[in-house]
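Letters A, B, C and D mark the chains in the order given here, with residues in each chain numbered from 1 onward.
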Amino acid sequence: MTHAADKPAIERVTVIANDPVAAGVGLIVLSAPRCASLVRPGQFVHLRVATGADIILRRPFSIHRAYADRIEILYQILGTGTLRLAEKPVGDDTMDLVGPLGQGWRTPDTLSHALLVAGGLGAAPLGMLAERLAERGIAVTVAQGAPTAERLVARDLFERVARRVELATDDGSVGEQGFVTGPVSRLLAEESFDVVYACGPEPMQRAVASLVSTADAQCQVSLERLMACGIGACLSCVVSTIDGQKRACVDGPVFNAEEVVWNASETPPKH
Amino acid sequence: MTHAADKPAIERVTVIANDPVAAGVGLIVLSAPRCASLVRPGQFVHLRVATGADIILRRPFSIHRAYADRIEILYQILGTGTLRLAEKPVGDDTMDLVGPLGQGWRTPDTLSHALLVAGGLGAAPLGMLAERLAERGIAVTVAQGAPTAERLVARDLFERVARRVELATDDGSVGEQGFVTGPVSRLLAEESFDVVYACGPEPMQRAVASLVSTADAQCQVSLERLMACGIGACLSCVVSTIDGQKRACVDGPVFNAEEVVWNASETPPKH
Amino acid sequence: MSLNLDSSVSIGALTLRNPVVTASGTFASGREFADFVDLSRLGAVVTKGVSAVPWAGNASPRIAETSSGMLNSIGLQNPGVEAFVAKDLAWLAENAPGTPVIVNVSGHSVAEYVAVIERLEAEPTVSAYEVNISCPNVDAGGMAFGTDCVAAATVTAACRAVTDRTLIVKLSPNVTDIAGIAESVEAAGADGLSLINTLLGMAIDAEKRRPMLARGVGGLSGPAIKPVALRMVWQVAQRVGIPIVGMGGITTGTDAVEFLLAGASAVAVGTANFVDPTATIRIADGITEYCHRHGVTRVADLVGAMEV
Amino acid sequence: MSLNLDSSVSIGALTLRNPVVTASGTFASGREFADFVDLSRLGAVVTKGVSAVPWAGNASPRIAETSSGMLNSIGLQNPGVEAFVAKDLAWLAENAPGTPVIVNVSGHSVAEYVAVIERLEAEPTVSAYEVNISCPNVDAGGMAFGTDCVAAATVTAACRAVTDRTLIVKLSPNVTDIAGIAESVEAAGADGLSLINTLLGMAIDAEKRRPMLARGVGGLSGPAIKPVALRMVWQVAQRVGIPIVGMGGITTGTDAVEFLLAGASAVAVGTANFVDPTATIRIADGITEYCHRHGVTRVADLVGAMEV
């Protein structure tokens, strides 16, 4: 099988850095030249965290940033796999990835003003998008929410590239107190956007989608599902859509909000 | 349960050193204060090499040497567990042992001249014995055999403490060519020993035992069996004896040769 | 901290101070673990299999390691009921007086099972019997009794007839319909069920082109079988009224809680004892910790509390 | 280096260039793996389950990870035989012309199994059928057919009646006597058997007190089940004369050789495809390497070559 340039492949990775960025959240930098050169914002990798271990499945992670021969992954420690990921020392070369995978964020040529909505770890797949849009001279506004100020991961990145950043925290430690939907509705009222890109807990994405549906902007969401194969073969990652069942790994993870038939039971037990 | 001073216990260990000593053979030095202070020559530890791994059972290893707060294990890479052991970096503190376990070599007070017969990795449980006997001023003679000169592991230790060392290698690269039984029969003819301590492949131990039976010396052998629990509960390590089935882990691993009913099928598939 | 937690559970007339017992054959009769475990903290000691006369067990090798599990073909080696009474029961009476003793009973025939129980009726320190009709490692009897409803009921009824003590029957997972067998055993008078025994498996040495075990096949245990065990405990709990001792791969307190939620009233720890000789106590503490974290005041409230 | 090795094996009239095929439901119809695997190097592509009409499958979550394994309750979601012919068969004919296609057939009733085969008889690029009477993830039909000798024989005979192509029947491991079922299926006209399908299992979320899978139970696969699979392949091989496609946890070439030695004529790779998308080829290469190391010149010579 010839690896057509843009096709996913298995790639051995080396840990360049792996540091905590907030309580229970880490940022790992991996050397992965092929993936780094091919990945588009919103795509993910299926990472083999452990070999010879009691856990056998790969773990899917969005690519937070990509540059030169490196990719960055923002991860939250949820269970065995992410715990082992957090323990990987610099220089570790035991992991491999399958990627880049999935359909990323769609950025029409006509795009002139984008609103990025990040809830908690939802900031992960939006980092690279914000950077690439800014590079293209597209106006980027960000609405970010998290439980606490400390958990506003990637906030610096957003502050750096975005025209405007509105924050919300559950505890009000920074920005307005409450959910990110607060700033979002204000922004939708004050400004006009071509596309709204949302990622975070599914209820939050759903709420954002309904807010946007009343404004005249397109809304894209990145959905999480349990994934065995990550490449479209096992049907473990189904997403109910108005066109029937789709696969989050190959038809997504990014979907147009209008096509999604929201179904809480489909979301992974964790997150 | 109070840990009566000499009882086995679970002890977390730290890797002090771990280096190859011959092709496929390594020597690992572990910090294990309790075990180091209690162990008697010929005893072993049940080492948990991996946690969260696909292999769940502990691995039994003889204690090659013990001093201060340390124990040394001489290991041959045979499969998954020993391969992982060989990969343990200095400073690793993920392993724990259960030990010290089993009945070690018996050294009667009347003992004045001992013959130690080591075949290949059989040198492992004999190292500490040679040192302790020498410390007690008991004359130690060693007959050591291996496939090649390089595989005469612990040879330096034996040369250091033994009155006399006779070698045999399959390829004749050092000592006489052939099995260790050659030097053994010569030594039995030339000198007289109170006890012969033998460890190595079971056919070799059996051969040595029959040689000794004609001389008037006592013969002890250290037997290997597959072990699940290592503490006498599971009956996976049975040794056929003239007094019925015994357990290598608690009734052994050292047995008097005369009581052993040699049964090739009982020996582990490997070694 | 366990002051405000009632950890006790019941199996028939027998009350256990906590739900953690030992899985037969993995804990001998406790003596070998006394250096690691305070036996007075166990819900009960379930002894190794005891037969009317001494059994030599199977040829070696008797174990083989598999992914997240192990195979064994020990074959119920034991010195017979008389030696058991003289050595093990006596030792337990002296060293773990407060801990219930559940004797695991083996037999090649109905008569042999009955003979063991009849002999033990004379022993005041026996609290209950666990009749093993599911050992995959003996030719006659053993699993054969556990794979057929009629045979299972026959053994159960015969044992029931000779004792008023709590009678637990241990079921084989190597069947099409374990719940059906469970119902027959309940109808035949069992006070409780324990499941699962090992799954019949095989390991092969490709280099030598031989089975790893001298016997060829053996019983699979350990974390690998936990999903099958949970499913069977849950299925059986839906269909019978008597309490269940659940087992199969239990290694942590969370594993144990999963079995309770599936419908087990108690849990047995087996293979985990080989990996960590203190496993039973660690698991009991884990259950306590879970209860405190979830505001559970009676462990018994967890039994069958899964929402499906 | 494989020049001097004959890797071909036969299942009925069908000859495979090597013994490695894909396990149904883990490889879709090959398209998704084309980026990783040279499909022309596979012994055959065994497709996902195909039914007469589209099936929606089960609710999510549909998978759960377990020790050295995974549970799935996909439920044979598929677009039905017409869509399969139009999309998958056409794609395979164009992109893997030299590779035999074995269609895995699903049904809720005998009539549905027959309907799928009758429709596919018109398709020249179908080499064989694998009739799945063992899916634990559908309520009607599915496993029910695979757990009863009579029902299994009925489905087999009905399928046999409508095709002369190689007919393989896939057996369920969730039975007391798989060899007995195998004999009935052989007697009913099957050309081959494949085993094992998944073991029925369950995973529980202790924190949420809910099953991990929306369906509650699911099928256990992966290395955890290899010992059970090897035992069943070996038991069945002793009792039937037709070839066996062995599967269950195969992850390495050595695993595959173990199944051949136990009596399988071919091996299927399932869950391993999720861990390593190139697993099938790696395993085929591993078998070749083993043969060279052991001086084996025909892979077929390994079939059933275990000394017991």
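Everything that follows uses one rule, which is that a contact is a pair of C-beta atoms (placed from the backbone, for glycine too) under 8 Å apart; a residue touches a chain by one contact, two chains touch by 3 or more.
Being a predicted model, the structure only gives us computed values, none of them experimental.
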item: Most extensive contact between chains (C-beta pair count); value: C-D
item: Chain separated most widely from subunit D, comparing mean CA positions; value: B
item: Between subunit C and subunit B, distance of the C-alpha-averaged centres to the nearest whole Å; value: 36
item: Centre-to-centre distance between subunit C and subunit A (centres being mean Cα positions), rounded to whole Å; value: 47
item: Residue list for subunit C, restricted to those that touch at least two other chains; value: 67-69, 222-223
item: Junction residues of subunit A - those touching two or more other chains; value: 54-55
item: Contact footprint of subunit A on subunit D as seen in their complex; value: 25-28, 32-39, 56-57, 59-65, 67-70, 72, 74, 77, 205, 208, 212, 214, 222-223, 271, 273-278
item: Interfacial residue positions of subunit C with respect to subunit D in the complex; value: 66-69, 71, 147, 174-176, 199-204, 206, 209-211, 216-217, 220, 222-228, 230-231, 234, 249, 254, 257-258, 261-262, 290, 305-308
item: In the complex with subunit D, residue positions of subunit A that touch it; value: 1, 3-4, 7-10, 48, 54-58, 98, 225-226, 228-236, 238, 245, 250, 263, 265-266, 268-269
item: Touching residues (chain side subunit B, partner subunit A) in the complex; value: 50, 52-55, 80, 84
